[in-house]
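Next come two complexes built around chain A: one with chain B, the other with chain C.
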Partner chain A sequence: MQKEYIHIILADDDEDDRLFFTDAFEELKINTKVNTFADGVALMNYLNQPDAVLPDVLFLDLNMPRKNGIECLDEIKSDEKFNDIAIAIFSTSSSEEHIEETFVRGANIYIKKPSDFATLKKVLSDVVTLNWQYHTSGLNKDNFLMRI
Partner chain B sequence: MKIYIKFDFNTVCRKVLEDQLEKHKIKHRILGFGEVEILEKTETVAFSAFTAELAEYGISIIENQKTVLVQKIKDTILEMIHNPELVTVKSSVYLSEKLSHSYGYLSNLFSDVTYTSIENYIIIQKIEHAKQLMVSGQLSLTEIAFKLNYSSVAHLSTQFKNVTGITPSAFQRIINKRKEIALKK
Partner chain C sequence: MKLHAFYKSPTFLKSVFVVSIFAIFFISAVTFKHINLLNNSSKWVTHSYEVNLELERLFSYLKDSETGQRGFLITKDSTFLEPYLHAKEKIDRSFKIVKSYTKDNPLQENNIRKLEFYINKRQNYLSKTLHMSLNRSLSDEQLKEKMIIGKLTMDSVRSHINEMILLEKKNLIARELSYKDTIKITPIFVYITLLITLVLISISYIRINKDLEKMQVSNNRLKLLNESSSLAEMVGNFGSWQQDITTGVFTFSDNIYRLLGCEPQSFKKGQDDFIKFVHPEDRHTFEGLTSEQIDNKNLPAFTYRVTTKDKKLRYFRTTGRIVTNKMGNDLLIGTTSDVTDEVLSSLSLEQQNLELEASNKELLAFNYVASHDLQEPLRKIQTFISRLSDKEYDKLSDNGKEYINRILSSAERMRILIDDLLQYSRANKTEKVFEKVNLNDLLENAKVDLAQSIEEKSAVIEHESLPKMTVIPFQIQQLFINLIGNSLKYSKDNVPPNIKISCQKVTATEETQIPKNTKDKFYKITFEDNGIGFEQEYAEKIFILFNRLHNKNDYAGTGIGLAICKKIVENHRGFIFAKGEPNIGATFTIYLADN
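Moving on to the complex of A and B:
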């Protein structure tokens, strides 16, 4: 029942962030396959393809051109075929109200974007490890809320 | 009369497998090349009946011994959390006695397969259990802390915050708001 790879997708318009992100995953112990998209439209086009490999965890940057993270979140949450995807919001904002709002809309994880590489690695590792426990131990994803 | 038959083994095996999965009402997806993904947790009894019937056709499930032992560790941890009164010794002693392996061995194996430690896994599961109890809304947080063997409600709250990054009351608020929205739809 165990899969060999954890599929990860990141949608973020900042090229440097995408690069950091991919590098961080390469250094983790867990085997991952990472895909990135530069904006919400490109992401949703990919996810809506009938043969798309859906990610286990989707990291969404909130501020993106064309379609922002919240719009993607709402679209994903309104379609049952995406039920198994854990959604992590990647943001520079740490307003309490904002954070709670994204959780209520269905996000599972809220990440305050770390400014250095070591913290980013630690954060991503924590997220993916906890998600792995939900995945392999049949935990209830409706109760999966994590802020880091 | 004599007839001649040609078999397609793959089709036969697949058909047998599918029929048995249907018969035992196991939700599944056949991935090909002898791989089946079980989509829902199946009861142990139903699953043994399924494997026994498959065995009659010479089909058996390949089990990796390590994975099996890790599953046993997980099951034992759940049992410990749901029946704390059974556990009178330290969890490491309990696990090692129950599974007849040294704790060091269990602990290394567990980390290799699950990417987390036994200690951490116990905490995650306890917090998950606390969440379920909170969502069902029948117990107060103080009662939940007592039921899960925390020394105080503060201890539970701190651990909850450490694992999830949010407080129990924020968790409760978010889940309630989600329920309200779901009801409106």
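Moving on to the complex of A and C:
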């Protein structure tokens, strides 16, 4: 069955960021369904439900209580049923270590959280409408970090 | 040369000694022989005289007997008969003596036999004449005849005796001649031998004297060496020792005792006595030598604690080596040094290291705080303001709009500050991966990074070809970005920035700015612009963190960019210098070591 919307999930412990995120998608004229989770444990509990609707794109914050983004990334990448999920790292940090580590562990794109709303909207729009198949096949460390 | 070498060798003295002994034996043998010869010849002289004397005596006895007989014949007095009778006896005895003297000489024996014959004949005539005279049957005629015969016989005896004496004399002369012959050559021979021996002994004496002098010199040198080594031990806080491995006997140098706070040689030279000073927990390190160590001829250095006589805790380190001496004994020789200062300073260094590591970790944690925790609230402030200005801007009063704009610019400034600080701390990072890269590529990347700003200001960047170098690529790229960015930022209003980048290979000696003792070859890269420049007096100040020459309202900036440049150049063991002239421009010169 062809979905008529794009399913998006954000795992981020910061309430403000979740608010910006949902607001941005509300203002974007893209047909999306956005779910948010406050930490890695909540996210994984949802994903591991047998009847869970898996997202098209998963936005992962790195620094979260209980289970952080890296742990979630590892769990998702080790389970074949999550193969179709595109994973975008969504972090305040743009340190080389974090970029390198998440790239090696199999994330699809790295986004540094922008510091104004207009840019946020543009970034999210770009990511959601990205041709993942094309992006993933040509993925390398240079285009892994999304230039804003 | 060979002779000289022989003279120098120890066999020389031995040979001289042997030769001298032989010479002395030879001389004594010759002397002994001569004394013997002398002795013999004097015996022979005595012998000849004795024979002659006895012959004379014999002849006089014969004469006596004849005189007695004649007296009797003339006087008929029987008293004349007495010497005649006595003489007969004496003649017999004397003849026997002569016979015994000459029995070893065949010629003389022959003479003796003849002499005996004539003496007997003479005696017979005497007694016959006497007998006839007693019987009165002797006529004058007969007497005369007998007397003539007697005289003739007597003449024969005389001539024989003379002959014998002559022969004896001849023998004596012959013996003396042969003795003289023997004695004539040998003294010269002995004399020469003696001379040679004397020369040899003299040479040996010189040689021994020289050796003695040499020994004294080397003895003195040894003494000096001993003293200086003992002084060195005192100054250097160490002592030496040796142990005979077979007997286990130790010899300690004086300073070992001093290190232990004792008087030199104040306790017995045993390991047991030494171990009493060693900290009980460290005594196990002294357990015997392993066979492996003996095979390797090496006693690895070990450190232990010692309590000196005055109850001070010191650290000693001992090391040694096994050597075999000329007698074939294995000796363990070694040194023991007081390494207390070393150990204490290394302990404190270790402590400092730990502290440094801890503070480094703290710094890393701070970096994280700066990169993440500080950025997050700032980013949210900025986002909220951006939402406010997007959605509610129209509803605000003019004052409100002004405030919003000021908050926006302050927040932006704070973001730049945090970003720059992050970059500065990243330039400090310990992990430095050097790669050989083409600097032209890094420059192109830098230009791409600054593309927007270059376009805005219509800047012109000219550059010469840059070399390939082994550098930390992202840092050099950052260096280029900061230097070009600096020129773009401090450009003159309405004058498009013109940045000239040149590069040449130089040596440290021909450049006045860099220390002469540094590596020889450098790449000198200069960034020259036509911007606002600066007073030369600030040329060094501008590289200091947070140091700014301009009001932040005139020129945005954090005062971190050039500090980062300096840090990066220092990471590459290079140098950076600035030269400025107000309203003309600034020149930044970097020297990167060519390795």
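One rule holds for everything that comes next: the second predicted complex is superposed on the first by the 127 of 148 C-alpha atoms of A that agree within 3 Å, B and C clash if a C-alpha of one lies under 4 Å from a C-alpha of the other, contacts with A are read in each partner's own complex, and residues count from 1 in each chain.
Assume contacts are C-beta pairs under 8 Å (C-beta built on N, C-alpha and C of every residue); 3 or more make two chains touch, one makes a residue touch a chain.
Computed from a predicted model, the values in this text were never measured in an experiment.
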| item | value |
| --- | --- |
| Touched partner set for A:N45, first chain B, second chain C, both or neither | neither |
| Which of chain B and chain C A:N140 touches, first, second, both or neither | first |
| Which of chain B and chain C A:L120 touches, first, second, both or neither | second |
| Partner chain in contact with A:D14 - chain B first, chain C second, else both or neither | second |
| Touching partner for A:I30 - first (chain B), second (chain C), both, neither | first |
| Chain B versus chain C, judged by how many residues of chain A each one touches | B |
| Touched partner set for A:F103, first chain B, second chain C, both or neither | first |
| Of chain B, residues touching chain A in the complex | 37-38, 41, 67, 74, 114-116, 121, 124-125, 128, 131-132, 135, 163-166, 170-171, 173-175, 177-178, 181 |
| Complex contact set, residues of chain A against chain C | 14, 16-17, 20, 23, 63, 92-96, 113-118, 120 |
| List of chain C residues in touch with chain A within their complex | 371-372, 375-376, 378-380, 382-384, 386-387, 390, 411, 415, 426 |
| Chain A residues touching chain B - in the complex, by the definition given at the top | 1-2, 29-30, 100, 103-104, 106, 110, 129-130, 132-133, 136-140, 142-143, 145-148 |
